[in-house]
Amino acid sequence: MDRSITIIYFAWVRERLGVDQEQVKLSEGIETIGDILTMLSDRSAAHAEIFAAVEKLRFALDQDYGLPTSLIGSAKELAIFPPVTGG
Amino acid sequence: MDRSITIIYFAWVRERLGVDQEQVKLSEGIETIGDILTMLSDRSAAHAEIFAAVEKLRFALDQDYGLPTSLIGSAKELAIFPPVTGG
Amino acid sequence: MIRIEVGTDDFDIGDESLKVAGQGGGAIASFVGQVRDDGNLLSLELEHYPAMTQKALREIAETALSDWPLHAVTIIHRVGKLSVGENIVLVVTGSDHRKAAIESCSFIMDKLKTVAPFWKKETRADGETKWIEERASDVAASEKWGK
Amino acid sequence: MIRIEVGTDDFDIGDESLKVAGQGGGAIASFVGQVRDDGNLLSLELEHYPAMTQKALREIAETALSDWPLHAVTIIHRVGKLSVGENIVLVVTGSDHRKAAIESCSFIMDKLKTVAPFWKKETRADGETKWIEERASDVAASEKWGK
């Protein structure tokens, strides 16, 4: 089974990574949001630094909030962003 | 000293008494709102009946809320009305 | 800073909000009370005690201004005959902070209901009229502020 | 019953209040948030997560409708570049009861601030830009509702 997921970034996460979104293949053993973060941390120093401070990030799987421990399941989109500041 | 005060009525108090306002002379010994109510109760059966149920009434002396025990002092106007229902 | 209007004229919520917003702060809260259609209500007759109304409303506004960090307070209350769906009362508060704006707007309405000398007489579809009575829930809402 | 708008267009508080009032009830509460002039702020850039924003706002509105006796809820949130004094957000709630209207309006704003996927980047008069950070007071305000 060849799973993949779209990762999208917002606000300073997007700016510091320099990308809006990226597509990643989910190899065997990648089951949670945390697993994806670990995997993405290999991509660049910026990825590693940002994803190390997980308490500064928020996550949404297919537009529903999730936690690093949340299972990816069949989600097609993982959004990674700072705490929201609208209103 | 010949003191007098204007009594003004609102809402159902006004309607049941059939008068908007009346002028009364304050004879010696009339010191509180309650004293005025007692004195006015002699004027008609409606006066007596309405002023007997003092808990259904509110009072303002020169546009400030008062109680039956409040001293009239040099007030020029006593308003007698039901609990307010604006808004 | 404080704007109080009592009269028969209607008001425009948008205009009044803009005026409050123009006095600074990024948080504007407002409340509008209208004559509510409850099935067979036709209209209300709003009576007031003119010499006392302005004073009572101003005191409420001043308390709000001293107890919350507000830039502006507007209170408009209509009198006379008002039909179902018509505006009765408008309160607008402006602050730097939404909590201050919303809380003070709520406070002003609660106090206005129990302190400002207005009385409503309703006319039903069958022509019957009745003076509206004070509600215990309004008294409780007013007292909970402890001021 | 629920009206959600997210876009660059401005809104008219008066129009939106009228629309809510037209759906019944005599109590209409509203809150407007604007870009606040703090001395040297020039503008804000509002970014959002389009696929999630509508959904998040709708869920907040639905919670309000299930927890308070409301006739209508309107939430409008602007995105893009907004200068000092411009409108950012509008919430309007309509009910038979002022307590329900005001409380639910406050609830919606508190939740919107902490749940809806919007981010603000400020530009100062000297050209410096900075992403605004979450405030502990907003988190506390949101959590106090326990829902």
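By written order: A, B, C and D. Residues from 1 in each chain.
Going forward, contacts are C-beta pairs under 8 Å (C-beta built on N, C-alpha and C of every residue); 3 or more make two chains touch, one makes a residue touch a chain.
For clarity, every value in this text was computed on a predicted model and none was experimentally measured.
Enquirer: Treat each pair of touching chains as one step and give the shortest count from chain B to chain D.
Expert: 2
Enquirer: When you check each chain against chain B and chain C, which touch both of them?
Expert: Common contact partners of chain B and chain C, which must touch each of the two, are absent.
Enquirer: Measuring between mean CA coordinates, which chain is farthest from chain D?
Expert: Centre of mass proxy via C-alpha means gives B as farthest from chain D.
Enquirer: In whole angstrom, how far does the Cα centroid of chain A sit from the Cα centroid of chain B?
Expert: Here the centre of chain B sits 74 Å away from the centre of chain A.
Enquirer: Just give me the whole-number Å value for how far the CA centre of chain C lies from that of chain D.
Expert: Computed from C-alpha means, the inter-chain centre distance equals 23 Å.
Enquirer: CA centre of chain A versus CA centre of chain C: separation in Å?
Expert: Computed value for the inter-centroid distance: 49 Å.
Enquirer: How many angstrom between the C-alpha centroids of chain D and chain A?
Expert: 27
Enquirer: Show the residues in chain A shared as contacts by 2 or more other chains, in ascending order.
Expert: 87
Enquirer: List, in ascending order, every residue of chain D touching at least 2 other chains.
Expert: Within chain D, the residues that touch at least two other chains are 33, 88, 98, 109.
Enquirer: Which chains touch, pair by pair?
Expert: A-D, B-C, C-D
Enquirer: Help me check something: in the complex, which residues belonging to chain B touch chain C?
Expert: So the residues of chain B touching chain C come out as 8, 10-12, 60, 63, 65, 77, 79, 81-87.
Enquirer: Which chain C residues qualify as touching chain D in the complex?
Expert: Counting only chain C, the residues touching chain D are 12-15, 17-18, 21, 24-37, 85, 88, 96, 98-99, 101-102, 105-106, 109, 141.
Enquirer: Give the list of chain C residues in touch with chain B in this complex.
Expert: Within the complex, chain C contacts chain B at residues 33, 46-49, 51-52, 55-56, 77, 88-89, 109, 112-121, 131-134, 138.
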